[in-house]
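Some structures are shown below for you to check.
Here come two complexes built around chain A, the first alongside chain B, the second alongside chain C.
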Partner chain A sequence: MLTAAVLNGLMYGAIYALVALGLTLIYGVLHIINFAHGAMLMLALYSAFFLFKLFNIDPYAAILIVTPASFILGYVMYRWGIGKLSKGRDQNILLITLGLSIILENAALFFFTGDQQTVNLSYGYDALDLGFVFLSYPKIISFFASLLICALLWALMSLTDLGKAIRAVAKERQGARLVGIDVEHIFAVTFGIGIACLGAAGCMLLPIFYVDPYTGNIFVVIAFTIVVLGGMGSIIGALLGGFVIGITESVGGLFLGESLGQIGISLIFIIILIFKPTGLFGSKV
Partner chain B sequence: MTVIGKLKLPKAANGKSAGRKSMIFLLIAAVVTLVAPTFITNKFYLDVLTLIFFTAYIGQSWNILGGYAGQFSFGGVMFFGTGAYTSTILLTTFGIPPIIGIFAAVAAGAILGLIVGYMSFRAGLRGSYFALITLAFAELLRVLANSVEFTGGGVGLFLTYAPSLKNLQFDTPTGFYYFSLILLAISIAVAIWLERSRFGAQLAAIRENEDAAEALGIDTLRCKIYAIMIMGAMGGAAGTFYAQKYLYLDPPIAYSIALSVEMLLVTIVGGMGTVFGPLVGAFVLHMVNEITRNFIDTPGLSMIVYGVILIFIISYLPNGLMGLFRKRQDVLGGSLETTKNELESKDA
Partner chain C sequence: MTKISDLFTSSRRRFIGGASATVALASSGLAIPTIAKAAKPVKIGLIHPATGWAAYPAAQLRYGALMAIADINKAGGIKSMGGAPLEALLGDSQTKPEIGAAEVEKMNEAGVHALQGCYQSAVGLAASAAAAKYNIPFSIDVGVSDKLVQRGLSNVFRMADGYGRIARDAATNLGEINKMAGSPAKSVIIVHEESEFGTGTAKLMTEALKPHNLEVIDTIKHSNPTRNFDNIALRIKSAKPDIVMPINYPGEYVLLAKTLRQQRVDFMASYSVLGGGFNFKFVDDLPQIAENMIDVNHWYNPASASGQAMRKRTEADGKYFTFEVYCAYMSIMLLADGFERAGTTDSDAVNAALATSEIDVDFMPYDKTKMVNGQNTGSRAVAIQAQKGDVQIIAPSKYASSKAVFPRG
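Coming up: the complex of A and B.
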C-alpha cells in the first residue's frame, strides 16, 4: 500500500515539478511571482483537450504543438503586456497577474462553461503490472516525459549561450545590459519558457486529470509550495520539491483520508515560509 | 525624510474646511441611506444595495491591512469563514442566538488574526510572501473545515429560517439592508479613525517604508498585528451576516478564493487607503455585474470586465477611482512613488 502510494506520488510529482519549474524560472530571472500560472496551465489543458476533441490529436503528440504555442504566448504576453503595465513594481506584477488569472478563468467559464472535461484515450485504462502495484500507462508516460523535459531545460540553461545569457540576467541585470545582452528580450524569453513548461505539463496532465475553468487554482498552491520548498529560482529544488509534494499528497491521502490528506501541502507551505523562506536549495531572496 | 513629508501632506492639503466638508457629506449620506428604504419600493434594488454595502464592508476590512498598512493578503476570506462557522455552530449546537454569536465571531476573527499575524509578521514575511502565506492559511482552514465533524464537513450546515432580531434574520429585505448599513457605518468609522489617529499614521509609515518606520521607533510588528486583528474582527462579523442571510454554509463558500479576491478587487479599484474607496469599488463591481447581465446572461462576463478594470487601474490609476477626486495629492504621491521605484529598481 505504502509503496503504491509513494510510486503514485512520484508520478504526479514529476508533473507538479514541471508546473513549478516554469514558476521558479520566472521568479529566478525576473524576480516576479506569476499568479496567473494556474490560469495559464488551465489554458494549456483546454488547448490539449480541444486538439484531441476537434482534430483527434493525442495529448502526448499535442505537446509538440502546445509547447511552442505557449512559448510564443508567454513571450508576447510579457513583452507587450505584463512588462509594460507593471512599471517594475513587485506588488503591481502580483496584482496584474492576478487580474490576468481572473480574466482567463472567467473567459474559460464564458466560452467553455463550467463543466468538467476529460479525454478518453484508447490506452487510458491499460496498466503496467509490477506485481505489487498497477501503474497506468498515461501516468508512466507523463512521468518520463516530464523528466525528459526537466533534463532538456537543465541542458538549455547550462549548456547553451541563451542559457548563459538568462543566467547572466538573473545574476546581474545591469552588468548583463552593459555587455550587450538585450535584457528585455531575455525577460520575455524566460517568461515564454516558463509558460512553455506549462504547455507541456498541461498536455501530460490531461490524460490523468480533468479540466474546468478552476483547475488552475488547485495547482497554484501546489506549485507555490514546491517553489518555496525547493527555493525560489532553483531547478533542482523544483524537481525534488515536486517529488516531495507528490508523495506527501498521496501518502497523506492514504493515512489521513482523501479530504484531510490535502492538508499536508498547505502545512508544508506555511512551515517553510515561516522557518526557512529561502527554501532548501534557494539562494538568498 | 520622505516618510515624514508624505505623512504631513494630506493634513496640509485637506485643512480644516475639507474636514468639515466631508462631515457634511457623511451626514447627508447617513440621512439618505437611512430613509432610502421608504422610497425604494422595488425590493430588488434594496437587495442590490445590501450586497453593495456588504461587499464594501468586507473590502474595508481588507483595506485596513492592505490599504492603510500596505500588507496585501490573498486569504482575507479566512476571517469571514471562521466567523461564519463560529456563530453558526454556536447557534446550531449550543442554541446561542446570533445576536450574541456575532460577538463571538468578531472575537474568533480577531484571535485568528493574532495567530496568523504573529506567525507571519514575526517571521518577517512581506509583500508577495505575506500575500501567499495568507492564501495558504485560508486553504488550510478550508481543508480542515471539510474534514472535521463539527463543521458538518463537506455536507455543510443548514440554518433554520426563523426571522427575529435575536436571530439576526429578517422577513423583509429592509431588515438586511439596515443590518448591512450598520456594518458599513462601523467600517467607515474605523477608517476615519485610522486617518486621524496616531495608530493610523504609524500604519501609513509602515506602508511607505517599513525600515524607516522601524528606525523612527515604531513597533512595526505590534502595529501590523493590531491591523490584521481589526481586519479579522470585521471579517468575523461579515461571516455571521452571510450565514444568517443565506442560511447555508459549507467549506467552499466559507473559504472561497473568490471572496478573498473580491475584497481586494473592490478596494484597489475604488482606492486603497481611502475611507470611501471600498464603497466606490463595490458600487462599480455590482453595476458592472448588473449591466453585463442585461447584455448577455452568461456567467463569467462581468468578472472578465472587472479583471480588465483591475489591470487598468493598477497600471494607470494606482490610487484607484478615489484618486480622480484627489488630484493634488495624487500628483505629489505619484512623484514620490516614482522616485521610490527608481531607487528600488536601481537596487535590484
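Coming up: the complex of A and C.
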C-alpha cells in the first residue's frame, strides 16, 4: 500500500507541479502573486470540457488548442489589461488579479451554473495493472505530459534567446530595458506562458477530476505551497515541490486518514517558511 | 440588499449569490392577481450556499422554492391575508455557518416573516439559532442533522426526514434486500465526509446495521474537497467489504465512485446514505458507473401525477429533477400553509400554526404530515437504484417501482 500511495502521489504531484509552474514563473519575472490563477485554471478546465462536449475533442488532444489559446489570452490580458491598469505598481496588479478572479468565478457561475461537470472517456477506466495497484491511463498520460511540458519550459528558459530575455528582465528590468529588450512584451509573454501552463494543466486534470466554478481554488492552495517549497521562480523547484507535496498528501492520507493527512502539506509550508524562506531552489528563473 | 426582478422567468436566467438579493416576483412576469398586489407581501428569506462548492444544490433549492412561491402567488397568494403574495429574499451562506447566521440578521432587519434553508446541517444549526432570537419561523428544506429539531426551538420545522430515521430505514431496507438475496453480505465499509452530516450519519449507520447482521469493518473519513481517492480505494480493496457505503457531498461522491472503478475494487453493492451525487445527472453522465448503485435519500413519488408534472416542468426548464427541488418546494408549501391558517405574519401565531400542520404533499412518498417538536413524522426517505439509465425506487415495497438488483452483478 505504501508503494501504491507513493506512486499515486507522484502521478498527482506532476499535475500539481504544472499548476505551480505558471504561478512560480509569473512571480519569478513579474514579482507578483497572480490571485486569478485558480480562476484561470477553472477556465482551462471548462475550455477542455466544452471542447469535449461540443466537438468530441479528447481532453489530451485539446492541449494543442487550449494551451496556445491560454497563452494568447494571458498575453492579451497582461499587455492590454493588467499591465495598463496597474500603471506599473505591483500592489495594483495584486488587486486587479484578485478582482479578476472574483469576476471570472461569478461569470462561470452565471453562465455554467454551479453544477459539477465531468467527462466520460472511453478509456477513462482502463488501467495499467502493476499487481499492487492499478494506474489509470489518464493519470499515466497526465504524468508524462506534465514532465514533458516542464522539460520544454526548462529548455525554453535555458536555451533560447526568449528565455535569456525573460531571465534578464526577472533579474534587472532596467538593465534589460537599456540593452533593448521590450520589457512590457516580455512581461506579457511570461504571463502568457504562465497561463498556458494552466491551459495544459486543465486539459490533464479534466479526465481525472471534475470542473465547477470553484475547482481552480482546490488546486491553487496546493500550488502556493509548492512554489514556497520549490523556491519562487524555480522550474525545477516547482517540479520537485509538486512531487514532494503529491507524495506527502498521498502517504499522509494513508497513515493519518484523508482528513487529517492534509496536515503534512501545512507542516511543510510552515517548516520551509521558518528554515528556508527562499525555498529549496532559491528564486532563480 | 440588491433587487433582482426576474430570476424565475426562464432557465437561461441564472442567478449569482454573493450578496443577498430580493426577488420581486410581482415584476417577474409571473401573473399575480390584482388583489394580491394590494396586500402587503409576506417576506420569506431563502438562505443557501449560492457561492462555493455547494452552489449547484443551492441553485436547485432556490429553483424549487421560487417555483413554489410562483405557484402560490399564481393561485392567489395567502388568501386569509387578503391574497398577500409571497416575496423571496435571497441570502448566500457561502457554505459557512457564521455567514448563514449573519444573513439571518440582515434579513431580520429587512423585515422577513419566515426563513428557509440551508442545505448544510452546520449552517442550518447556526442560522436557525439566530432566527430563534427573533422567533422567526424557520423551515429546514435540506439538512439532516436531528440536532436541528432537538434543541427545543419552537420556531424550527422540517418536512423531510432527519438522519436518525433515515439511518434506521436505510439499515432496515438493506437488511431486507440482503435477506431476500440469501444474506450474502456480511461486512460494510463507510466512507463519509467530515462535517456534521457525514460524521453523524456514519455513527448512526454503524449502530443501525448491527441488528441486521451487517458489521461495519472500517469507517473512513475524508475532507471537503478531497482531490484524490486512490488511497481510500486501496484501503477498501484490501479490506474486501461486501458493501461500500458512501455518505458525502456531490463532488466527492462522484469522484469516489470513479476511483473505485479505476482501482477495480470489487464489492456486492454501493449502498450510499444521503449520497449527494446520486441523481438523474449522475446516471446520465456516468451510466456504466451508476448502474445498480443504490442510495437512500429524499425522493419524489413517481406514482403521483403531481410528482410527474413537477418533474416535467423542471426538466422543461433545462434542470435536473434533484431532491433539492421538491424538498424546497414542499418546505415553502409548509410555510405558506402556516401563514394561511394563522391569517397573520405574527411569528407566535405562525409558529403555532406550523406546529399543527397537516399539509398534503402527495408528490412525496409520505404519510400524512404530523409535526412533533418541529419534525414531520410522516416523512420518509426511500431506497433508490440506478437501473438501465433510470432511477427506480426499490424499497419500501409500498412505493417500489422495481426490484432491487443485489448483488449488483
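By definition in this document, the second predicted complex is superposed on the first by the 280 of 285 C-alpha atoms of A that agree within 3 Å, B and C clash if a C-alpha of one lies under 4 Å from a C-alpha of the other, contacts with A are read in each partner's own complex, and residues count from 1 in each chain.
We adopt the following convention: a residue touches a chain if its C-beta (ideal position, glycine included) is under 8 Å from a C-beta of that chain, and two chains touch if they have at least 3 such contacts.
Not measured: the values here are computed from a predicted model.
Steric overlap between chain B and chain C is present once the structures are superposed on chain A. In the superposition on chain A, A:Ser266 contacts chain B only, with no contact to chain C. In the overlay built on the shared chain, the residue A:Gly99 is in contact with chain B alone; chain C does not reach it. By the touch criterion defined above, A:Leu109 lies against chain B and chain C together after alignment on the C-alpha atoms of chain A. With both structures placed on the common chain, the touch criterion links A:Tyr125 to chain C but leaves chain B unconnected.
In the overlay built on the shared chain, the residue A:Phe219 is in contact with chain C alone; chain B does not reach it. Of the two partner chains placed by superposition, only chain C is touched by A:Phe209; chain B is not. Of the two partner chains placed by the overlay, only chain C lies in contact with A:Met1; chain B stays clear of it. Once the two complexes are laid over each other on the shared chain, residue contacts for A:Gly257 go to chain B and to chain C alike. With both structures placed on the common chain, the touch criterion links A:Thr278 to neither chain B nor chain C. Chain C runs into chain B after superposition on chain A, and of the options 170-178, 188-196, 206-214 or 224-232 the stretch responsible is 170-178. On chain A, the patch touched by chain B and the patch touched by chain C overlap at residues 105-106, 109-110, 114, 213, 257, 259, 262. Residues 1, 4-5, 8, 12, 105-106, 109-111, 113-116, 118, 120, 124-125, 127, 133-134, 136, 209-210, 212-214, 218-219, 222, 249-250, 253-254, 257-259, 261-262 of chain A are the ones that touch chain C when the two sit in their complex.
Against chain B, in their complex, chain A makes its touches with residues 31, 33, 85-92, 94-96, 98-100, 102-103, 105-110, 114, 173, 213, 217, 221, 224-225, 228, 256-257, 259-260, 262-263, 265-267, 269-270, 273-275, 277. Those residues of chain B whose C-beta lies close enough to touch chain A in the complex are 72, 74, 119-120, 123-125, 127-129, 131-133, 135-137, 139-140, 143-144, 146-147, 153-154, 257, 261, 264-265, 268, 298-301, 303-304, 306-308, 310-311, 314-315, 318, 341, 344-345, 348. Here chain C touches chain A in the complex through residues 14-18, 50-59, 194, 220-223, 225-232, 234-235, 238, 250-251, 254-255, 258, 261-264, 281, 285-286, 288, going by the rule given at the top.
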